[in-house]
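Chain naming follows the written order as A, B and C, and within any one chain the residues start at number 1.
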Amino acid sequence: MTAVAGAARRLTAFFRARPLARLFAVLGAPLTWLVVVYLGSLALLVASAFFKLDEFTGKSNGQLTFSNISAVVTKSAYRSLMLRSVLIAAAVTVLCLVIALPVAFYISRLASRWTKRGLIVAMLLPLWSGYLVKVYALRAMFEPGSEFGSGGFLKSVVGWSPGFGYVAVIFTLTYLWFPYMLLPVYAGLERLPNSLLDASSDLGAGSARTFWSVIMPMLIPSIAAGSIFTFALSLGDYITVKVVGGTAQMIGNIIERVLLAPNQPLAAAFTLWPVGIMLVYLAAMARLGAFKNL
Amino acid sequence: MQVSRTSRISLRMATYGVLVAMYLPLVLVVVLSFNSSNSFSWPPRKFTTRWWSTILDVESARHALLTSIKLATLAVLIAVVLGSLLAFALQNFSFYGKNTVSFLAVLPIALPGIVTGVAMRNTFMRFGWDLGLVSVVAGHATFCIVIAYNNVAARLRRMAPNVAEASSDLGATGWQTFRYVTWPLMSGSVVAGGILAFALSFDEVVVTTFTAGSGVETLPQWILNNFSRPNVLPYVTVVATVVMAISLPLAWLAQRLSDGAESLAGR
Amino acid sequence: MRSKAKFIGISLFAAISVAACGGSSDGGSSTMTKLGDGEGAVNLIAWAGYVENGSTDPAVDWVTGFEEETGCKVNVKIGNTSDEMVELMQSGEYDGVSASGDASLRLIAGGDVSPVNTDLIPNYADVYEGLKMRQWNSQDGVSYGVPHGRGANVMAYNSEAGAAPTSIRDMFDPASPYSGKISVYDAPIYIADAAIYLMATQPDLGITNPYALDQKQFDAAIEALKVQKPMVAQYWSLYTDQQASLEAGSITLGTSWQVIVNLASANKPSITAVKATEGATGWSDTWMLSSKAKNPNCMYMWMDHIISPTANAAVAEWFGEAPSNAKSCDLTADKNHCTTYHAADESYFENVWYWTTPTSTCLDGRTDVECVPFTEWVNAWNELRA
């Protein structure tokens, strides 16, 4: 026992005298993983976008080329696909926000203390019910059918369904990722002191004015944090598009398609789009204070 | 802040409306698992417990469940160790590039899963390593690190810094301080992070699709492969219900173990 | 810290250089001369419906018996398109594949498959001579696999939705009564279907083989596909997707496989199929052996099993194709199966264009022009779908 305690003491002394060694002992493993395994893979991916493909066998022949990158950047069909994907991700984000604001406001400010906790947990729990479960559940909701076959739940019960297409994709993605927006907005509202809102109304501001001039500016970092997830998760999704999208296509679909073509270098070139878009997006959201709220 | 009665009522209706909209599709899945027809058409044809009573005979689903559990366990072990170390390092040390490191930890979930998946696949294939359980575990561990990290970091931030100082002033070694002071305070968050990471890994499809080789089929992949195979579809709804029945209490437990509802988002 | 950063830099550089040099390393395995013991498992890539172990339909099972007899556990990965099969084979994770002509040539050229010693496959003797040693399953007189069966891509339709289609025009003509409820196979090789449509409707383009298109012909085919696009409700690659949509009624006409039609009609009897009068694309499939096979003995046993009269008959009936083994015809449940699917009727297959890989050397023998190679087909299809 004393020997162990002595060793522990010597080790403590060793690390106390050497803060760098201490840092590496703790940080070394996770940093190595993130840098070597993850960033290393990303770097390899970027590098592979410059390889030329043998046109027949679908294998890299070792020569270098810029043609993959240039095809991905210059072809108008691909550019409009990227634009469309960004717009869809933006639409989902806005829709999530529009739904999250009133709901979060109600839960945070108006619900009784007892229902509050229950409500927020109830809103977040579906996140854990399984991605595919939810996507297929919505397929069962949206199935449009026709005069030659009965449709899904919406068609039969409500009499209307958006059918399979971009609208269904946006609805489904909103359904999937909404809790990621709700939570930070709710947490942001919780942090607002009551006195601040009271002060606003004491100074004569109506509830609308208080909302736009006092609450919203303070919620920006929370919204930015939530939007990272709603935007990123929507931008890269391709399974939802396949299941409820009909003929719709997004970035993820073309990456999968090209990868299976098989044209790995071109697929790698395509991944540069979402990577670039997300880096820009993350930088913008960081400026809005998103990372303090992650 | 004054909110008029009308706004109050409409906000309440909106909230409960959203809640209903969120649970309706999930309820639909449960209902369809008792439907005698093998399609998603509404209304259901006839009540049956046939799919439930024979689900255990579907060997591929059983096998996929085991694979998923094995995979998630391994990935979580790696992620929890690495994520906790990372949180500990970022909390207790100040060093150049700290912000970059915390950004790096978030990156695997901020970049679309298809990028992570394709990148990992590419790496494994370039080096001639077999795609299999190892590559899937590596992929899953990478995006699970941040979940463990977030949970532990949140707890460490809330921990009074002078507790550790007091311990060392009283003559405890660094290890003793960790063992008897810091660890008991943070263990709940480590477990919570682990559970959430497990649930996320259990549910993941995209990274799995690209990193799994011939022999690996996880439960979500089983669902993906069997959905709309007419004779398997009813089993898919049963499996989906089982997945919900497993994950929902787990998520709830994790929420109880950690510092509030925030952890439910896992990120 | 700095040395650490340097170390990481070096290892990254090393990793990238490895990637740069890490081309394909061909196994270089020589052809087997003697069959050994089974390895206990075999990993296959197959078209949907080719490897059935009873999990789709308990009555449809030609795998369990094989597993019990040989001790080779069969793991199957469904390939949805030929391109996907090529990609999966390149991973080196699989022992064999049921390759169509548009995959087999690329696999041979890429060194992903090995020559097959047909002497080790007793049932090979009974395979129709017309299917042996063809350009899609052999090279320089060396066999690269065993023929599985052949058939035509059909048009599936819902007979309640109006007059039955007969012509490929119903798929492409904007005046088609099925417009808006059409389902199209989502793969570059589908461009050949457009070419067949043009062979019938624009003879002055001079297309004689839908896989040998010069630039002008190719552009016309892409144009036809662009015209078709607004009429399309679904581009399918997962066969079950098309089946579900046929049953739900959201599509009423589509390029299809007989097996999909069989599955769908079990739930919805009004689903049926027809081969377009102008001709159709089709397939003649070959079971091939991976050059990196970890279970070559089991793969040889599988190749022998799948063309055995019993299994070959069962697959042919389930998938809806002509069997490759002449003796299969006596064993089909429907005694007319071989007649219905024209197993020995070469004239039927005259206007069936087996999938094959387009190359810049025109496959129709023209030497005065260059044809559009398959990579361009892929690019054009990606752009069309984007």
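Here is the rule we go by: a contact is a pair of C-beta atoms (placed from the backbone, for glycine too) under 8 Å apart; a residue touches a chain by one contact, two chains touch by 3 or more.
Not measured: the values here are computed from a predicted model.
*Asks:* Comparing centres built from CA atoms, which chain ends up most distant from subunit B?
*Replies:* C
*Asks:* Between which chains do we find the greatest number of C-beta pairs in contact?
*Replies:* Here the largest contact count links A-B.
*Asks:* Can you work out the whole-Å distance between the CA centroids of subunit A and subunit C?
*Replies:* Once rounded, the distance between the two centres reads 36 Å.
*Asks:* What is the distance in Å between the mean C-alpha positions of subunit A and subunit B?
*Replies:* Those two chain centres are 14 Å apart.
*Asks:* Among the residues of subunit B, which ones contact at least 2 other chains?
*Replies:* 40-41, 95, 123, 126, 227
*Asks:* For subunit A, what residues touch not just one other chain but two or more?
*Replies:* Within subunit A, residues 35, 39-40, 44, 48, 143, 145, 149-151, 259 contact more than one other chain.
*Asks:* Two or more other chains touching the same residue: where does that happen in subunit C?
*Replies:* Within subunit C, the residues that touch at least two other chains are 1, 15, 19, 238, 241, 247-248.
*Asks:* Report the residues of subunit B in contact with subunit A in the complex, numbered from low to high.
*Replies:* Listed in rising order, the residues of subunit B that touch subunit A are 1-4, 7-8, 11-12, 14-15, 18-19, 21-26, 28-29, 32, 40-43, 78, 81-83, 85-86, 88-89, 92-93, 95, 101-116, 118-120, 122-123, 126, 138, 141-142, 145, 150, 173-176, 199, 203-206, 210, 220, 223-224, 227, 236, 240, 243-244, 247-248, 250-252, 255, 261-262, 264-267.
*Asks:* Which of the residues in subunit A come into contact with subunit B in the complex?
*Replies:* 8-9, 11-12, 15-16, 19, 22-23, 26-27, 29-31, 33-35, 37-42, 44-45, 48, 99, 102-103, 105-107, 109-111, 117, 119-134, 136-141, 143, 145, 149-153, 155-157, 175, 178-180, 183-184, 186-187, 194, 197-198, 200-201, 207, 210, 228-229, 232-233, 235-239, 251-252, 255-256, 259, 264, 267-268, 271, 274-275, 278, 282, 291, 294
*Asks:* Under the stated contact criterion, what part of subunit C meets subunit B in this complex?
*Replies:* 1, 15, 18-19, 22, 25, 43, 55-57, 75, 77-78, 91-94, 238, 240-241, 243-244, 247-248, 263, 266-267
*Asks:* How about subunit B: which of its residues touch subunit C in the complex?
*Replies:* Per the touch definition, subunit B meets subunit C at residues 38-41, 58, 60, 95-96, 123, 125-128, 130-132, 213-215, 225, 227-232.
*Asks:* Going by the contact rule set out above, which residues of subunit A touch subunit C in the complex?
*Replies:* 20, 24, 35-36, 39-40, 43-44, 47-48, 51, 53-62, 71, 75, 77-78, 80-81, 143-151, 163-164, 242, 246-247, 249, 253-254, 257-263
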